[in-house]
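Take a look at the following structure, please.
Chain naming follows the written order as A, B, C and D, and within any one chain the residues start at number 1.
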Amino acid sequence: MVRLFYFPPYVLKIHNELLLALSQFFAKGGEKLPQTLSPLVKSYSAISEHYKVDKLLLTNEVLDQCSKADDDEFLVMRFEFNRLFVGPSSPLAPPYESVYVSPDHLVMGEQALAVRKIYKQENLQATGQGREPDDFISTELEFAAYLLSQIMDAQATKNDVKVQLYKTLYHEFWKQHLGLWLGTFAHTVTQSAKHPLFSALSDVLVTLTTLHAPLNTKEAYYETFSPQISRGSSSCCL
Amino acid sequence: MNKQLGFLHNSEKCVGCRGCEMACKNEYQIDATPEWRKVFQLHEDDYSLPTRMFFSMACNHCAHPECLRVCPVMAYTKRDDGIVIHDPNRCIGCRLCTMACPYDRPQINPAKKKVEKCNLCYQRIDNGEQPACVAACIPGALELVEINDTLDQKTGVLKTLPGLPSPKLTTPSIRFIGPKQGKQIRRD
Amino acid sequence: MGDWEWPLILFTVLGQIAIGIILMLWWLDRGRDHLDTQLFKQSVLISGGLLILALLASLFHLGHPEAAYRALAHLGSSWLSREILLFLLTFLAWIYLFWQSKQQTGSRTLGLGITSVLGLLGVVSSAMIYVLLRVPAWNNAGPVLCFLLTTGLLGALCTLVLGRKLLQTTQKKLLLQFSLGCTIASLLLYIIYSSMLSASTEGAATLNFLLNSPLFWSRALLGWFAPLLLLISILKNPQVDKTNLILTVTLLAGLGEILGRALFYLSATGIQITALF
Amino acid sequence: MKLSRRKFLGGAAAAASSLTLFNFNLLTNSPAASAADQPSETMKTFRNVCPRNCYDTCGMITYVQDGILKKVEGDPKHGYTKGKLCLKGYAYPRRVYSPDRIKYPMKQSPRGSGNWTRISWDEAMDTIAKKILDLKKRYDSTLPICFDKYSGNFGIVHYGADGTMSSLGYTTRAVGTPCWPAGIDAQTYDFGTLYCNDPEDMVNAKYLILWGQNAAWTAIHSFPFINKAQERGAKLVVIDPILTSTASKADLYIQVNPSTDGALALGMARYIIDNNWVDWEYARANSLGFDEWVDYIKKDITLDWASEKTGVPKDIIMEIAREYATTKPASMWVGYGMQRHVNGGQNVRIIDALGVMTGNVGKSGGGVNYGHLETWGFNYNAMVNPAPKGSKGFIGPDGKEGDRAINMNNFADDVSAQSDPPVKMLWLACRNPGAQDPDTNAIEKMFASMEFVVTVDSFFNKTVEMSDIVLPVTTHFEDWDVMASYWHYWIGINQRAIDPLYESKSDVEIAIELSKKMNVLEPGSCTFPTSGTPEEWLAKEFNPGIHQMLGIKDYKELIDGPRKANMPSASWSDGKFRTPSKKIEIHSDLAEKNGLPALPIWVEEMKAPEKYPIRFMTPHPQHALHSQFQNLDWMMTTNPEPKVEIHPVLAAKYGINEGSMVKISNDLGSITVKAHLTRTTSPDVIVAYEAWYKNTVFNVNYTLKAIPSDMGKQATGNDGLAFHDNFVMIEKA
């Protein structure tokens, strides 16, 4: 039997942290940016240092600067956050999967139901089920982070069956959901953003979508990929 | 083919309320862009008096469907009852049918990159129900009928209206009752 | 009015050049002076490359290129299915031809002949796709003749460019005369075709669009008038070195045909519902 | 997925292992663990009623699966709308799930800046409550708070928005209705109230006049009944300055000079008198002042005059007079459009008298039908709350203390005119004055002068744009409610079909939240009850009268289907009129007391000023109901932009072609809109349909002056608006 590939725990950890930081960034809203930006910067630094890509470092620098903004600047970012993602005017980049993936661009499309079923397979459901679309970006990101944490658990206990199961789940979830829309979403954000924070955020999302392809598909490739990722990723994703 | 189902549109009764258009969208929750069914307003100059006159048109389930003829993937089939069905699972989005249909009724859905059109609610018909548009027509201007000689021989049943492509092209399965104009006391 | 259909323009024009080259090779090879082997090999390779490019370009026209294979499903009535089949067969024939070109001996005529005939049938099917009841501007012999003339003209000119060193003078002259013939035919065809268009409302709309479009006049200049003058001048002065001139004519005519094809799609006006919406 | 998790772990083990160490914020343990592999729920259906300001008030069936609204259909058990919806009704799913919906309470700082902060309901209520208490302290009353609510949602429980205000104390209230008050008063003077025949009874009419009524766009469900009457031989006459889709179906269409409908009716009356087709018996037995009116007509009215005034040839006036008077029963439907003039109420009174004169009132297949409120006898439990102890109110002219009424139809000016105390805060619910009130510039200015503006809405319209706080409100699919119609006789229940999305709340829920907060900050400062489920609030609206009218014992019976009120199909068939004299008052002392002519005599229409020779009519649109619906994606694709209809003769005069941009202006302001040339209007009238298009500044009200119509005060508190007496100049933009 082929030896099951184990991801390096550190890589899983930093990805997990980035997913959670992003999830909180969107969940807590523009009003909590002073609290949610720092964890985002921290987790993104870890990523950018690990992969050592110039562009990532640059984005990280922008994020870092934004996280140290003064109160006035945070206000500007808050208003921009709401203009982009919340409202009350028609949000320019509504953070729900079905707005991008379902052709009718409404919320509560088939994607919301599809992720609801996936959560349910893990005995989970969105806390706002029925009120908030299940495919809200934060919920999807948190679910992805949860899957990663399951892989980490399983690797720690050398439970190969579980590792395999959650890798498959994780891979499928990216392929069928986050991977399908984060790119478009990021693009929409860039198009509409008037503050560098959100262009940087868009870069973070793009990094995430790009890095996750190797993380969950070609494990054998991953070992070799990791040290050289800087070249690979800078050409393909950034 | 045993029979040919189609629409009988009564422009005498149609008030252009566009309920059929939206009922169609509601039934299938069609995306914003494709218009399976559309209400058209006739040119007021085409008749003796300027009046708001309409006809409502979806796929005409033609006796000689050009869409079906040109489609390279056989996405179109014509049922025994004459309904021309488009199967999106087969469609590869070559758009040739959209070039070939004189009524512009197969339409590309830019998001899905596939063509869509009215399938005459064949599932509803198979269940013994009326198509959604017919069921929703408040003045009773839109009917599902069998297109045959008996229908064509009835007085007042027309094969076309001004502003429509010649029915000779594809032999559409739609018949019309033309708009009626009352007396007008006008100020111009 | 239609759209600017890059994938279709590239597919049809490149495919027609490829087939045109093979057709010319076949024609020249059947003549008294056989074709130079080096030129044969080189030209077969290039025409194959163009054919592959053309087929690839056609995929970009599709909403779902991954399912393109399904396009073979409706040979019974769809000219698009027939076109794909014939182009694939042409490509298979080309592989045979390519294999033949690698052989030291043996007749090339069979390979050239099969490829040419299949290719021409492919070009005709391509054109037949557009012979639609709905589009008066296309619902005639126009598309077929127009596509065949492109095949002939660009095939001949490209072969001239490819064989600028290896073709014999008589062969060159034949090709030049053929190109001139195609250009004149194309121009005449267009004049007749235009006069036919005005018969229907939609045709008149097409004509009106064309005459008011700077693209059309560029096409006329690049694709008809300039090549006409240059070809005549080349043929009249056989002693001058013509390599650069031939290159120029080919480029101009190529551009003209690409513009012409773009206009073909742009100017198509279908019969449609003209009631207000 | 190749690997089933069931192969790997038992259900219980999975639950245990999946929650180790991971700190969930947005996900939680799912209660029904075994449901994982189950297919979707089966489709559930719910009963809803469209609550919009519309004649038809349709019964709806809502299809819900997995808690998600899938589609809507008409309710086949609704006898008037008969299982069909209009184009707007079918677009509802797009409204519920539009990403544009307002999702959370938001605060704008400063107002108009576009800088919005999301706040919690608690913070929203805290901010609002503190502002209210602050104003109360500063001015010693809650009168600086002005409440403006109208017809965004006509559900009975939605009167909880009014209740929010009454529970705070005495406030300033926008009173009146911009819609139909002149006609209401006309019928009030004549018959005692507005009370139309059952519209289903139109099938019995032998002759049918639709007067300024475009049913094809605004009351589409009446068409089967109109058609039926036509099939049974009735002649359909449509009188309208615009050749509408409805007029296009008429056997006879009369393009009357705008605002001269009364003159036409008087001309008809004259001819009827001359030919003695008068139903003397009915008129004399049932009315007061009839002979006086006949004398007036004989003395003052000639057919030549009527013809000249109305632009209708004499022989046509004679024709319709003869037919209307001699074909029995003959029905008239008076539309709301025709009373939006400075003499609109008076014109309705003349038409009423025409109905009386011919004995068509109180008859099946007859009537002068305008609307009714007979089926609206609910408790208005959510609306009625005692003012908190010690509340100081406005002392009215009658010496009574209460709310301070201001004119809804001159909202901008009237708010600004208040000084003792001034209005400092606005609360807007079910209302979008930014888009719908006349003189938008004045509205903008008035809003800018406020200290605080709260708007309760679902979409970011012009009014929300000018607010400090916006509160997200539920759609009717997310509420319990009950709806009656002002036209047909049906009543339907509206179930909660889906959970309220995001943080939206109904008007009653908002009132509850505010009351909780007010009472924490200052106990006793708000009397709105702080408990009750939405369904309990609905239940409280029913009373024995309603039960009896509908033949039910409990509101829950309405879940089986809408019910029709048990009333005779012909209004006034009992002859018991509700005027002071209990008779039809052709001569109305009440009208006279209110400064109006006692008799239905001719009152001059408004003439075009020299500078602005073109009448600009802005009637109701097809794809929208005022500022609702048009912003939805389906509407924006099928009807992407507004147009102004111009007669080709007029257009030629100004060099305007089909599709030209046209600047329409007067001394109030201007709008620019695309031209559509059509002979459905006349050469001195241009037409643009009012609506709020997404992402455009198009708003016909920039040119519309708040000119009052002649009536409305008596029954609705304020005179109506002469929307259609708007005059402009046009030029090619």
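Just so it is clear, contacts are C-beta pairs under 8 Å (C-beta built on N, C-alpha and C of every residue); 3 or more make two chains touch, one makes a residue touch a chain.
Because the structure is predicted, anything quoted here is derived from the model rather than measured.
Of all the other chains, whose mean CA position lies farthest from chain D?
C
Using the touch rule from the top, work out which pair, A-D or A-B, shares more C-beta pairs.
Answer to which pair has more contacts is A-D.
With chain centres taken as the means of their Cα atoms, state the distance from chain A to chain B in Å.
Chain centres of chain A and chain B, defined by C-alpha means, are spaced 46 Å apart.
Measure off the straight-line distance from the CA centroid of chain C to the CA centroid of chain D, and report it in whole Å.
Result: the chain centres lie 65 Å from each other.
Which residue numbers or ranges of chain B touch two or more of the other chains?
29, 32, 38, 112
Counting only residues that touch at least two other chains, what does the list for chain D look like?
Those would be 93, 633.
Hunt down the residues of chain A that sit against at least two other chains at once, touch-wise.
104-105
Which chains touch, pair by pair?
Result of the pairwise touch check is A-B, A-D, B-C, B-D.
Give the list of chain B residues in touch with chain C in this complex.
38-43, 55, 57, 66, 68-74, 90-96, 99-104, 108, 112-114, 161-166, 169-170
In their shared complex, at which residues does chain B touch chain D?
13, 15-19, 21-23, 25-27, 29, 32-33, 35, 38, 44, 50-54, 135-140, 179, 181-188
Considering only the defined contacts, which chain A positions touch chain D in the complex?
Chain A residues touching chain D: 23-24, 27, 29-31, 75, 78-79, 82-83, 86-91, 94, 96, 99, 104-109, 112-113, 116-117, 119-132, 136, 138-139, 142-143, 145-146, 149-150, 153, 161-162, 164-165, 168-169, 172.
Would you pull the chain B residues touching chain A in the complex into a rising list?
29-32, 109, 111-112
Spell out the residues on chain A that touch chain B in their complex, using ranges where they run on.
Checking each residue of chain A against chain B gives 103-105.
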